[in-house]
Amino acid sequence: MNFRSDNEVGAHPAVIAAVGRAFTSGSAFSYGADEWTQRVERRLREVFDKPDLVAFPVVTGTAANSLALACCSPPWGAIYCHPMAHIAAEETGAPEFFTAGARLFRIDGAAGKVDAVKLAAALAQPVYGVPHFAQPAAVSITQATECGTVYGPEEIAAIATSVRRHGLKLHMDGARFANALAYVGCAPAELSWKAGVDVLSFGATKNGVLAAEAVVFFNPELARDFAYRSKRGGHLLSKMRLLSAQLDAYLADGLWLDNARHANAMARRLVAGLTTLSGTALLYPVDANEIFVVLPARVQDALQEAGARYHPWPSDRPGERAYRLVTAFDTDPADVDRFLSIAESA
Amino acid sequence: MNFRSDNEVGAHPAVIAAVGRAFTSGSAFSYGADEWTQRVERRLREVFDKPDLVAFPVVTGTAANSLALACCSPPWGAIYCHPMAHIAAEETGAPEFFTAGARLFRIDGAAGKVDAVKLAAALAQPVYGVPHFAQPAAVSITQATECGTVYGPEEIAAIATSVRRHGLKLHMDGARFANALAYVGCAPAELSWKAGVDVLSFGATKNGVLAAEAVVFFNPELARDFAYRSKRGGHLLSKMRLLSAQLDAYLADGLWLDNARHANAMARRLVAGLTTLSGTALLYPVDANEIFVVLPARVQDALQEAGARYHPWPSDRPGERAYRLVTAFDTDPADVDRFLSIAESA
Amino acid sequence: MNFRSDNEVGAHPAVIAAVGRAFTSGSAFSYGADEWTQRVERRLREVFDKPDLVAFPVVTGTAANSLALACCSPPWGAIYCHPMAHIAAEETGAPEFFTAGARLFRIDGAAGKVDAVKLAAALAQPVYGVPHFAQPAAVSITQATECGTVYGPEEIAAIATSVRRHGLKLHMDGARFANALAYVGCAPAELSWKAGVDVLSFGATKNGVLAAEAVVFFNPELARDFAYRSKRGGHLLSKMRLLSAQLDAYLADGLWLDNARHANAMARRLVAGLTTLSGTALLYPVDANEIFVVLPARVQDALQEAGARYHPWPSDRPGERAYRLVTAFDTDPADVDRFLSIAESA
Amino acid sequence: MNFRSDNEVGAHPAVIAAVGRAFTSGSAFSYGADEWTQRVERRLREVFDKPDLVAFPVVTGTAANSLALACCSPPWGAIYCHPMAHIAAEETGAPEFFTAGARLFRIDGAAGKVDAVKLAAALAQPVYGVPHFAQPAAVSITQATECGTVYGPEEIAAIATSVRRHGLKLHMDGARFANALAYVGCAPAELSWKAGVDVLSFGATKNGVLAAEAVVFFNPELARDFAYRSKRGGHLLSKMRLLSAQLDAYLADGLWLDNARHANAMARRLVAGLTTLSGTALLYPVDANEIFVVLPARVQDALQEAGARYHPWPSDRPGERAYRLVTAFDTDPADVDRFLSIAESA
C-alpha cells in the first residue's frame, strides 16, 4: 500500500524489454542519431498530429522544463507560473540556471491553476521594451497540476490568448500529461498545440518508464538552439537509445494512455471509497492520479498501523490533517481495496 | 568491423539484467535514497580503498566533468587542462556553464598529457588574490587521454605537486579510467587519490553499461554542494536506480575491469598486426583502447570497401592520412583478425 | 517644479568640486588603491562606529544591490524581499545575474515593508538541506521603502531575528538610507548593523552626488570575494577616485545628512499643504522624501498646466488617481510653495 | 616621472569642467534620456561617418568589452582573441560572465596581433552546427594592442575576411583606439567599420577623461538587447550624464585626438632617446603610447634612484630585464627629458 509517489514505482515490462533489446542488437549511432530516437520523434508527430514537431528525449523532468524554458526566455526574461508550480516551488533554481537568470513571477489561482484573468492583468503592465523590467517571455502551466487538477482545452486557450497577445511563449509542464489527457479524453493535439501550447515537457517517468521525458516543440523554430543548450547542460547522451527505447515502447500500442487510465481509475476508486467516510474531505477535485484529502485521526492511525504509505500535505485550516495519495500505472486494485477496507473499519 | 567509437556499442548482459531486476522488484525510494545508489557508493569505497569517499551517479560524462569542476572552482576560477581535453575541445562550454563562468587555460604536452613543467610555470604566475586575474582553482587531466595514452601514478603525482602547492584541486576525467587502470595494473587508489586526485569522473558508458557515470569525490568536503548543483542541472533522477543498478552490476565481480582488459587486448591485437604493414605508423603509443594510426591509401581503400568503419583523424604531416580505431568491451577478436587480414592483403 | 525623481537632479557643489580636485592633483594609484577610496572606508567606519567594516564604491544602486546579494547567496539560494522591492520589481534580473541564478521569493507587508510574521513563516518551511528547494540565503529590505516609509530599528530587529535563527544574511537596499536615517534620528549603527544588517547598499546618487554608491559590509567575512565579483561585473574602476572623491565629500562635514534632512523637510512641507486640500489622500505615511498622494482632477489639471512635473502612481481604488512626488537635496522651498499655491487655488 | 600607466593620470580640465556644468545646470532626464547622452551619440556618428551607429556610455573598459561581446556571442559561442588580449589574460572571466559562458580560444601572433592565417585555420574547422563544439561567434582584437602595436586597416580587413566568411562578428577593444588612430592617421571609419569592425569598445579613460568608455555598434542590429544586458549588469546609470558629459567634451573640438597625439609623441620622444643607449632593446615596435624596453641594470638602477616609476615586464630571454613605460595625454616633456638625461648619464 505505497501511495507516496508515482516516482517510486518500477517500470512496465514492455519498456524494460525494449531497453534490453536496444542494447543487445549491435552498435548504434551515438548522440541521438540512432533509429530509436528518430522513431520516437515520428511517433510523437503522429500522436500529436503535427508533422513538423521536434522532440528531444531527456532524462529528468527538471531538465525538460528548464531546457524548454531556456528556449523561450532570454536571460532578462520574465516567466509566469502558479506559485505551486514545480518549477517555482521546487527545482532549486533550475529555470534560472538554464535561462541564465530569467525571473519567475507567480500568478495565483484556484486548485493549482493559473488564473487567466490575473495573468492577463500581469501581462498588461507597461514593461515591454523598458530596460528596467524583466521582459515577459513565457508562461508555464502544469498539466496535471500540482493539485491533481486538469486544465481543459478551453482553460488553456484562455491563458494562451494573453500569451499570444503579448508575444510570449506557452510552456506546459506535462510531467503527468498522460493522466491529464486520459481524464479529458480529447485528442493530444487538442490539449496542447491546438490550445496554444508552444512547447511541452512530455512526461513518462511517472507513468511506467524507467526514467525518460521528452521536450516536444510544436513550434520548431523555438528548438533552434536546443542541441547546444542540452549538450552544455550534460543532457546529450552518447547512448541516447537508453532514453529513446523507453519512449518508443511507451508510445507504441497506446501503452502510455493505458498506463495513465489505470492510474486515474485507481485514484477514482480510492476517492469513491474515502469520500463515503465521515470526517474526510477533498482539498481539490481529483481529476488525475493524485488525491489530496483530509483524514480523521482514527483513519490515519489505522492506516499507518497497517503499513500504508503516503505523505502529509499542508492544510490551511488549523487542526485539520491532510495527506497526499498518488496512484500509478501499476497500482494494484487489491491494495486500493485493502486500504479502503482499513479506513472504513477505523 | 565497427571501430568508430566505444560510444556506439551496446551493453553487457549482466548490466541489462540488473536494470531489469531493479525496475521489476517493486517500489524504491526516489532521488537516490534507494538501495542500488547506496550500494554503488559502498562498492566504490571498497574499490578505491577509501571509506569516506562520496559518489553520485550521473547520466553523461559531460555532466560528471562539469559538476565535478563546479565543485572545484568559483565563477572567477581558472581551470587548467590539455588543449585536446574533452572539456576544452568539446563539451560546448559545459564547464563554463556549470561553474558560472570559470575560464579554461590550456597547457600543452606530448601525447595528450599535460606537461607538468609547463603547468608548474603557469601556476607560479603572481595572480593569486589579484582581482584582475581568474584565480587558479583546478587542474583537469584525462585518463586515458584523448590520444589513448595513460598517465602513470608518478606522472599524476608530478602534476599534483603543483596543484597542492598552490591550493588548487585536481580533477580526473576518467571516461576511460577502467582502460587506464587495466593498462597500468595498479590498485585503483594508486591511480587516483593516492596520486593526488581530488575528484574523479568515473566512466562506465564507454565500457559496457547503457549510460552511466559516477562523480567520485575522494575529498568529501568538496561534495558539500553537489546535490544542489546536480538538481538545478537536471541531473537528480527521481528514479536514480536506473543509473545505480547499472553501476552496481558494473562494479560487481570485477566486470568493469574485465571489460576494459578485453578492450585493451583487442587494441593491442590490432596494433600488433597493423604495425607489421609497410606505410603504417602510430601517432601515439597505444596504452588503452584507442589507436591513432597512419594508413597507406591501399589499406584504407581495401578496408573501406570491406565495410570497416572508423573515423579519420587529423595528421600534422601533409599528404599523410591518419585514422582513429576504438575497441570496446565487446569487440569480437574475429572482427579484429578479419580487419587485419584485409589490411595485410591490400 | 520638478518632483519626478531624485534621480533627475544635479549634484552638490562641494561634491563637484571634490571630483575636480581629485582629477587635477596629479597621478593616483589605480583600481581603488588611491587615497580617496581609502578615506571613504575610514569615514564609513567612523560614521557607522564599526572599525572593521569593509566598503567598496560602485557606480549604480543596481550594482550595489546585486553584488551585495551575490556575496550573501549561492546560485541555488533563495532571497526574500517585498514584492515592491526594487530588486524584485525592477532591476531586470540583476540579482539573478550576479548570483548566477538565485531565486526571489516575495513576502508581502503593509506600506512597502516586509511583514516580519510572514517572513518568519516562510523561513520556517522545512527546506534546509533538501536539494529540491532553493536554499534560504538572504533577506533584503529597502530603507526607505519604495512607499517612502521607514523601518525603525526595532522593525529591522524583528526581521533580523528570523534571519539569524535560520543562518541567513540581511541585506539593506539603502538607496535612500540617508533620508531614512534623517527621519529616525538615531545613530547610523542603530539603523544598520546593531539592528542586524549584514550588508548595506549605501546610496548617495539620489542625495546629492553625481553617481556613486557604496557597498558596506558590516560583516567583513562576507566581502571576501567581492573584488572578483566586482571586477568580472565591470565595476572595478581603474580611476576609482571618480566615485571615491564624491563619497568622500558626501560624507565630510555631515553633508549627506544635511542633504537628506532638507529633502525630507521639503516633503513634509508639501504634505502639510496638500493634506489640507479636499479630495487629497496619502497612500502611505510620508516618512522620507517620497509622497504618494491622491489628487483630485481639478488640482492635477491646474498643476499640469502650470508645468509641475511628477509621475502617476497606480491606485487600488477605481476612479482614484494617485501620484508620486519626490523631493531632493536641492528642492527649492519656493518651488514647493508655488506648487501648493497652485494646488490650493485649483 | 610616473610612466606606470595611463590609468593613473588625472583628467583634462575641459572634461572636468563639462562634468561640473552638467551637474549644476538643473535637472535632466534619467537613464540616458538626457541631452549629453544623445549628443555623444550624434558626435560619434559624425566622427565615424556612420549615421546609423548606436552608442552607449559605460564606466569601465571591462564593461564595454564584456557587454559588446555578449551582444555578439550566445552562451555556447566561441570567442577568438590573442593570448595577451586583456579580455583573455585579465578581466577575471568577465566575458564568460556577461555571455553566460562563452569560451575563449587564443590565436597567437607576433607583437600582440592575432595572426590572420592562424585565425583563418581555426575558423575553418568543421564545428559549425555540431552541438559538441562551442560555436564560433566573435573575434576580438585590441587596438592598440597590449604590446603597444597598431593594426593597420588592411590588417584588420584580413582578419575581417575570415570573420565574414564564417558569419562571426568582429569586436575591437579600443581602450587605446585614439592612440592607434593618431598613429595611423586615417579616418576613424577606415580603422573601424570600413575595415570590418562590428562593435568597438571606444576607450576614453586612459586618454584624458575621468572614467568613461562607449560601446559603439556599427551594426545597430547587434545592439538590440544591449539595454537589458547593461541594466542587469548594473551599468545603466540613472545620472548617465556623468559619463556622457565627459565623452561629450572628449569628442568636442578634437580633444580626444589631440590628447592621443601628445601621448604618442611623448612615447616617440622617449624611444628616440632610449634607443641611443647601449644595452637597450625594444621588445616591440612603439606605435602608440606604450614602450616595452630592455634596460641595462645601470640605467634601471639610476632611474629607480631618481624616483622614476614604471612596471617590470616579462622578458623571454634569461638574464634580460624588460620594462613597460606608458605615456599619457598629460605627460610633461620635461619629465621625458629628465628621464632620458638620467638614463644617459647612468
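Each chain gets a letter, A, B, C and D, in the order it is written, and its residues are counted from 1.
Keep in mind that, in the parts below, a residue touches a chain if its C-beta (ideal position, glycine included) is under 8 Å from a C-beta of that chain, and two chains touch if they have at least 3 such contacts.
Since we're looking at a predicted model, the values are computed, not measured.
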* **Pair of chains joined by more contacts [C-beta pairs], C-D or B-C** => C-D
* Which chain's centre, taken as the mean of its Cα atoms, is farthest from the centre of chain D? -> A
* Asked: Per the centroid of Cα atoms for each chain, what is the distance between chain A and chain C, given in Å?
  -> 42
* State, to the nearest whole Å, the distance from the C-alpha centre of chain B to the C-alpha centre of chain C. => 51
* To do: Take the average of all CA coordinates in chain C, do the same for chain D, and state the distance between these two points in whole angstrom.
  => 35
* Asked: At which residue positions does chain C touch at least two other chains?
  -> 31, 75-76, 91-93, 96-97, 100-101, 131-132, 135, 228, 231-232, 236
* Enumerate the contact residues on chain B facing chain A in the complex. => 2, 4-5, 7-11, 13, 16, 19-20, 22-31, 58-64, 66-67, 91-94, 96-98, 205-206, 210-211, 228, 231-239, 242
* To do: Please give the residue numbers of chain B that touch chain C in the complex, ascending.
  => 31, 74-76, 100-101, 131-132, 135, 225, 227-232, 236
* Asked: Which chain A residues qualify as touching chain C in the complex?
  -> 75-77, 89-93, 96-97, 100-104, 106, 131-135
